[in-house]
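Got a structure for you, written out below as structure tokens; questions coming shortly.
Every chain is named by a letter (A, B, C and D) in the order it is written, and numbering of its residues begins at 1.
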Amino acid sequence: MDASATGIPNRKLGMWTFIGSECMLFGTLIATYLIYRGRNLVGPYPDELLNIPFITVTTFVLLMSSLMMVLALSAVERGDRAKSMVFLSLTALFGLIFLGGQFFEFSHFVREGLPLSRNLFSSTFFVLTGTHGGHVAVGVVWLGTLLVRAAGGKLDRSHAETVEIAGLYWHFVDVVWIVLFTLIYLLQ
Amino acid sequence: MGRPNALLAGPVGRVDAREGRTYRGAPGRGPGGANARIRNVSIELLNRRFLVAATLVTGLAVLQGCGGAYPQSALHPASDFADRLDGLFMQIFWWAMGVFVVVMGALAYTIIRWRERPGATRPREMHGHALLEVGWTLAPALILVAIAIPTIRTIFVVDRPPDEPASLTLEVVGRQWWWEFRYPELGITTANEAHLPVGRRVDVRLHSADVVHSFWVPRLGGKRDVVPGRENQIWFTPDSVGVFWGQCAEYCGTAHALMGFRVVVDDSTTFDEWVAAQQAPATPPREAQARAGQGVFMSNACVSCHAIEGTVARGVFGPNLTHFGSRLTLGAGLLDNTPENLVRWIDSTQTVKPGNHMPEVALTEQQVQQLVTYLLSLR
Amino acid sequence: MATAEARVPGTPGLEHTGGTYSGGVWSWLTTVDHKRIAIMYFVTGFVFLLVAGLEAQAIRVQLAHSDLRILNPDLYNQLFTMHGTTMVFFAGMPLIVAFFNFVVPLQIGARDVAFPRLNAFSYWTLLFAGLFLYVGFGLSLAGVCNCAPDGGWFAYQPLTGPEYSPGPGLDFYILSLLLAGVGSIAGGVNFFVTIVNMRAPGLKFMRLPLFTWMTLIVSILILLAFPPFTVGLVFMLFDRTFGTHFYGAAAGADPVLWQHLFWVFGHPEVYILILPAFGVVSDVIPTFSKKSLFGYPVVVFSGGLIGFLGFGVWVHHMFAVGLGPIVNAVFGGATMLIAIPTGIKIFNWIATMWGGQIRFRTPMLFAVGLLATFTIGGLSGVMHSSPPSDLQQTDTYFVVAHFHYVLVGGTVMGLFAGMYYWFPKATGRLLSERLGRWHFWLTMVALNTTFFPMHFSGLLGMPRRTFTYSAGLGLDVFNLISTLGALLFTVSLLPLFANLWRAWRRGEPAGPNPWDAPTLEWTTSSPPPHYNFAVTPRVARRDPLWHPHVEPGLAWAGELEPGGVSPRLQPEVPPDPVHMPDPSYWPLVMAIGMLVATVGALGSLPVVLGGAALTLFGLFGWAFEPPERGGH
Amino acid sequence: MSTHETGEPHASTRLYVVIALILAVLTAMEVMVFYVEALHPVIVPVLLVMMTAKFSLVVMFFMHLKFDSRVLTGVFTWGLFIAVSIILALMAIFGKFTS
């Protein structure tokens, strides 16, 4: 691919453009959540269900997965196959832990009488955090494919850009959670 | 018409010295032919301009026709609210006509004056002209300010409810495909026809019982949506007596097109008589045919949906029929309230108003006649 | 992958398609060539335009006279819903993307778009979304099921909610537009990256042709406007399928939220539909006035301003909802602001023609036709940018007249101008000017006859989306004229078909630059070889072909004619090997997977899972396709 | 335009760990603010500032926006700007700012 007019690889510019578009997707979901906050006619209400200590742990796990991601990228750029596989698997593992935490929280809510169709909080909360969870799941699958290629020795220094693109996606999903964590859990 | 002036294949040879570039049109196009064809093109363009302008002017003449010919016209105001909107619209309209004439004139002149003439030198490049560009940015901006000031002023008159409530309140409930009107202070519930006293302000409170509709009586003022879960409000003072047509203006399903209503503005004495009549319960039918009709009404599906004060009929799903006989129309402004239309309405309501929630009750010819007599007796 | 040896382009003419379009069905199913994808988009968009046109004819026949019952209301409501949805999503969008696809790579000197396979994927998802919607409509017409949407293209809640539209019709609408949204957003990413990253050397942003500029702005609008619509549609799907409460007033939610989410997307969408037409006009008028565009930077900036302001005006569709004086005042003011950059564009076009040598070829006729009719539409728009005045006009036929003047007078006229302008480049054949002129004049008369009377029927009290109107309203004469005008539209297309047929059978071969136009796409042969440019051109300034001079040290791609300065022509054979991406069927596989999942979403989880699996399979196949240089 | 391929990787590892620690500390502080009743009147601005700080740290360093071309910053911030404007506009229209 001859050098682009701006020097940025096409796929990297493409991922950032996609991230710009995703800002609008999550922005609309967040707007709906904030608009409908406090308009529930029936229980259970957010303050009864949201478990701050638990969610703080899963947030910490997701933050650390971002750290693992950048370390994995550095390893790939250095061509250090062993370290890149370690950090890639740790990133994916932390992502899975986060998803596990979210699954536990969702099932806990449903058991406490908050199915999806209960009230405004259930509708907006589940769709907002569910969409984010879906994005985390896609990220984990993506990391899985990178892991497989790394294991097969096909993820050397020349593939750094592919890992960087996956990293951009992963960090964006983490950044969205940073916003959700504060807006949903701490600013009730 | 000459052979289509297709350019010959292959690169068009043309000396392209910047200054005096002689443009040789593609070979095969005689000088006369080009000019003639070009000239009649621009004349066509010109008379098309004339066609558009002519339609505009004649249209305006048609518009000024009297209100009667157009009962639902937004250009024949009959209340303070409608006057304000019409005045503002006319102001904007004439600004727009001014801009239209300027822009179309400039366009027409340009395409005629600067059409291609054979042998002409290549046009001189004009990349910008500060004064002109500032001009045509500032001019529209100033026109918009001239429009925005009255607009903002009118917004705060028509969109912000006045501080003290009016003496008369009309509660409107939009339903799939008819209108319920209530006068809380006067204890009146009626449907598809509201009466208002001329010269007195009325507060119209707008609700919906199902989907979004839009309450719109063009001659009495602008429309306002009725949205479930929200109360909207408009208010106006009718300034002339008469029957004004209204219609739902927000798509609301199958029979959206047949969801009209009437607003009758009376002088104060007639209005008081109307109120007194409406407040009274239904007068029990005296003559036999009407009494039989009441029996038919009470022993069929009618009683479960409709209400007639003074009888056992308490249904709220359908329109209140207590004083049905006094109404001008039936089927939500669909048909004039005549015996023949009422028969058609009862016999084949789904044909007259498809999608309507009123079932077709199996009645004999005689039962229908009795029912019609009874309903029309409810004055 | 062996180096794709460049086929020697023969003499201009259809037989010389240089292999651009030759090849069987499989070559079209697996193509990643932006020119072929453009042709497919154009044909798809044009067919849907005709279908939606037929729907409009049926609507106008039903409204020819008061109290007619030719169509029953349910069918009429389905027709106007399908007419609006099809025109916007399956005629308008594909046609503008067809022009993006064909013209942009050629105008910026690129060999293809940034992500050719993603380009193919965008097309297939859009096609399947359209077909999916029309299968529903067909089944409904055949009486098999009530699965045609009838909530209007705007589908306001709660009418389209589970309580008042229980049938599958609205699910078809939601799922079809979700699928179309995926294709559009992918297209937005593709064209944004193509324009920003793949411009020829020397082609700075302020030297880009206007059509490419408008494509860039529209790509940004698509990228930022479709997500809110997708979210709104997902909310509606969840309300209808899982009983959530996004729009149900009973649970404390607000049906007006859907109106907001729809119009946050809706208004940028109408700018997505009009800016490409502005781009075409900004390229056509200079060519046929033989004079560079007047005030290039201002026209570019006003296009950007329209795009930006497009996000701040959506409430002007909701002035009658009762959001209060402050909200109405703010959004009314913002709406008025947009009239300024639009006016600037029109004045700049007129100033371009001023002092020029105007040749009234068909593209120019349509461009001037756009100027005239769009101005009328723009002015009638200003009339209801003022909220109080809008209270008498919103949801009436006055607004129908407005948006048809700007959409038919603007977008359709602009796209016809573009079609006549780039047809020679795309096919190597010239269209007949005489038939073109017939097409123009019939369209102008049909447009004004159909839509001008609607100003009057609207102001005289005819609401929108009504399958009939009472005789007492006095609107029969206006509606009759509109109906006659609509029939004239059908007639106006006949010269176009004749012209296309004539060009196919015996159109004269078009040279590389039949219009003596200034932009890069006119340096290649007609049609361009599948690699577009044998040598990537180097650009020294705006409108390169009109200002042929060589900056010292900048070797110009084409050789210079001895003793003269020839227009920049591409050499017949590329001097060094050209790497073009191989065709690939993975985008089609993935698109089929998404279609299966969409069909499954109508009510069967296994089919959804099957579709998802096929989609994943397509994605992995795509990602792991053998390494390609330049293929994405 | 420096891409970190050219910078030595080790120093960047230390930088990333430091950034991660700051993020962890900020998260802890956010939760603390949540539990301290006294801070509740001013909780909204405080939490929003900390959230934005964490947001910017990840975007600038982990996503490398600080060192990459301005075009990417433009693309991201434009999408973010329109998204935040739509959120604020919708909240204002739904009366979330008027008490």
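Here, contacts are C-beta pairs under 8 Å (C-beta built on N, C-alpha and C of every residue); 3 or more make two chains touch, one makes a residue touch a chain.
Small disclaimer: the values here were computed from a predicted structure and weren't measured.
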Next item on the list: Find the most central chain, measuring centrality by the gap between its CA centroid and the centroid of all protein CA atoms shown.
Entry: C
Check: Where is the C-beta contact count highest, in terms of which two chains?
Finding: B-C
Notebook entry, point to check: Per the centroid of Cα atoms for each chain, what is the distance between subunit C and subunit D, given in Å?
Noted result: 37
Note to self: What's the distance between the Cα centroids of subunit B and subunit D, rounded to whole Å?
What the structure shows: 50
Next item on the list: Find the geometric centre of each of subunit A and subunit D from their Cα atoms only, then give the gap between the two centres in Å, rounded to an integer.
Entry: 15
Margin query: Two or more other chains touching the same residue: where does that happen in subunit C?
Written below: 192, 196, 223-224, 228, 252-254, 257, 264
Item checked: Residue numbers of subunit A (touch at least two other chains) -> 6, 8, 13, 17, 20-22, 24, 27-28, 35
Note to self: Quick check on subunit D: which residues sit in contact with 2+ other chains?
What the structure shows: 71, 75, 78-79, 82-83, 86, 90, 94
Notebook entry, point to check: Which residues of subunit C touch subunit B in the complex?
Noted result: 11-13, 72-74, 77, 151-152, 156-159, 164, 249-250, 252-256, 289-292, 294-296, 298, 320-322, 324-325, 328-329, 332-333, 336-337, 339-340, 343-344, 346-347, 350-351, 353-360, 365, 368, 371-372, 375-376, 379-380, 382-383, 386-396, 430, 432-434, 437, 441, 444, 448, 452-453, 455-456, 459-470, 472-475, 508-514, 516, 547-548, 564-567, 569
Item checked: Footprint of subunit D on subunit A - complex, ascending -> 6-8, 12-13, 16-17, 19-24, 26-28, 30-31, 34-35, 52, 56, 59-60, 63-64, 66-67, 69-71, 74, 77-78, 160, 164, 167-168, 171-172, 174-175, 178-179, 181-183, 185-187
Next item on the list: Would you tell me which residues of subunit C are touching subunit D in their complex?
Entry: 192, 196, 220, 223-224, 228, 254, 257, 260, 264, 311-312, 315, 323, 327
Check: How about subunit C: which of its residues touch subunit A in the complex?
Finding: 114-115, 185, 188-190, 192-193, 196-199, 201, 203, 223-228, 230-232, 234-235, 238, 242-246, 251-254, 257, 261, 264, 620, 623, 629-630, 632
Check: In the complex formed with subunit C, which residues of subunit B make contact?
Finding: 1, 4-12, 14-16, 18, 23, 38, 41-42, 44-45, 48-49, 51-52, 55-56, 59, 62-63, 69-75, 84-86, 88-89, 92-93, 95-96, 99-100, 103-104, 106-107, 110-111, 114-117, 120, 122-129, 132-133, 136-137, 140-141, 144, 147-148, 151-152, 154-156, 158-160, 176, 206, 210-212, 214, 216, 218, 221-225, 227-230, 232-233, 245, 247-258, 260, 333-334, 354-355
